[in-house]
């Protein structure tokens, strides 16, 4: 029996991979990468969860959850949004040069 | 055709991932984790790595929030690298979105409710962001969320006032000063105790504002840096407006 | 089934539905808003998994800044996907 948190985050990753493979619009592909990023973050946090534990802030006694994945994900989210902005600005540059966002029109492929 | 292939591949990947993650337990106690191996002393400890951080973290760093202890103290060098990646991405956005021929786009004026509301809320959101990163070593939060909250308050101003522009020079100065503070604090640790980012200030009493040595200093620097960089990204993506 | 399980299952369902909408809809603006909804639900899930630091970050960045940056990008290109 797989925990439902893992199932949810795996489905986010798989939806992201599907968008990256099947879609041809550049902004859609960037949205897919963003969804994949969120899925990986949720997976890491749910691996570090401990039942009946509190957040790792030592004002209160008791068992705490794992702080290492939280520290990893905290920086990864901020890096994710800045890298997404970089990808979007590259897409805008391509649009200004070619006038389209569809990958097959940019590459000049006839279907 | 391509759609069907992609869907098949996605379902196959889902099955593979699900089989891989079925073995990893969810919500398990930390005493069941494997013990960590210390290569310097060449021996295996009797507890796992997160347990070590949770047990000795308060004495090692003086911080109450263990996530902050891991981000700024135990893995501070890592954080310096991540901040550098953020700086590079922000520079890239600025240079790619730079327009030479200043084509101005017309922007509609937003309505009175948004203008008045953002005028009222702006100060409070900035205050909340500053609270988050000043108390990063005591309560949930820290430099990264605080900087994001400050950037979102500037985003509110950008949405409400079409003519608003954050001054690039001030953004650059605050961003560079914050980065310099981080590196100088690290180098001071190198001079005083012999390794980079050493926590050389006195720890003080735990749960007090002035505690945990250099952690609040570094986290305030990170908060200012992240806030000005994300504001710069929003400014560059907004483009030139009239 | 305790309360934690029930609320988690509901939120995970909403999250997956929002991700599928973001994948399939032709209007890029709606896709960006759907991904923002997904980020907001994920931030509630982070809070339930006892990660308040990450929840604050995700709420500020995923639901506000990331969506705004994406909408600015769509505004200076095309709105509709072919």
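By letter and in written order, the chains are A, B and C; residue numbering begins at 1 in each of them.
Simple rule for what comes next: contacts are C-beta pairs under 8 Å (C-beta built on N, C-alpha and C of every residue); 3 or more make two chains touch, one makes a residue touch a chain.
Given the structure is predicted, the values throughout are model-derived calculations rather than measurements.
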*Think of each chain as a node with edges to the chains it touches; is that a line, ring, star, complete or other?*
complete
*Going by C-alpha centroids, which chain is farthest from subunit A? Tell me that one.*
B
*How many angstrom lie between the CA centroids of subunit B and subunit C, rounded to a whole number?*
20
*Chain centre separation (subunit A, subunit C; CA means) in Å*: 10
*Round to the nearest whole Å and give the separation of the Cα centres of subunit A and subunit B.*
16
*For subunit B, residues contacting two or more additional chains*: 65, 67, 140, 142, 144-145, 148, 230, 233, 237
*Specify, in ascending order, the residues of subunit C that touch 2 or more different other chains.*
52-53, 57, 61, 65, 69, 73, 76
*Among the residues of subunit A, which ones contact at least 2 other chains?*
5, 7, 11, 15, 18, 46, 48-49, 55, 57, 70, 74, 77-78, 81, 85, 88-89, 92
_subunit A residues touching subunit C - in the complex, by the definition given at the top_ = 4-5, 7-8, 11-12, 15, 18-19, 23-25, 27-28, 30-32, 34-35, 38, 41-42, 45-46, 48-49, 53-55, 57, 65, 70, 73-74, 77-78, 80-81, 84-85, 88-89, 91-92, 95, 100-102
*What does subunit B use to touch subunit A in their complex?*
2-3, 5-7, 9-11, 13-14, 17-18, 21-22, 24, 26-30, 49-50, 53-54, 57-58, 64-67, 69-71, 75, 78-79, 82, 85-86, 89-90, 92-93, 96-97, 139-140, 142, 144-145, 147-148, 206-207, 226, 229-230, 233, 236-237
*subunit A to subunit B touching residues, read off their complex*: 1-3, 5-7, 10-11, 13-15, 17-18, 21-22, 43, 46-51, 55-59, 63-64, 66-68, 70-71, 74-75, 77-79, 81-83, 85-86, 88-90, 92-93
*Please name which positions on subunit C make contact with subunit B in the complex.*
52-53, 55-57, 60-61, 64-65, 68-69, 72-73, 76
*Across the complex, what residues on subunit C touch subunit A?*
5, 8-9, 12, 15-16, 19-20, 22-23, 28, 31-32, 35, 38-39, 42, 45-46, 49-54, 57-58, 61-62, 65-66, 69-70, 73-74, 76-78, 81-82
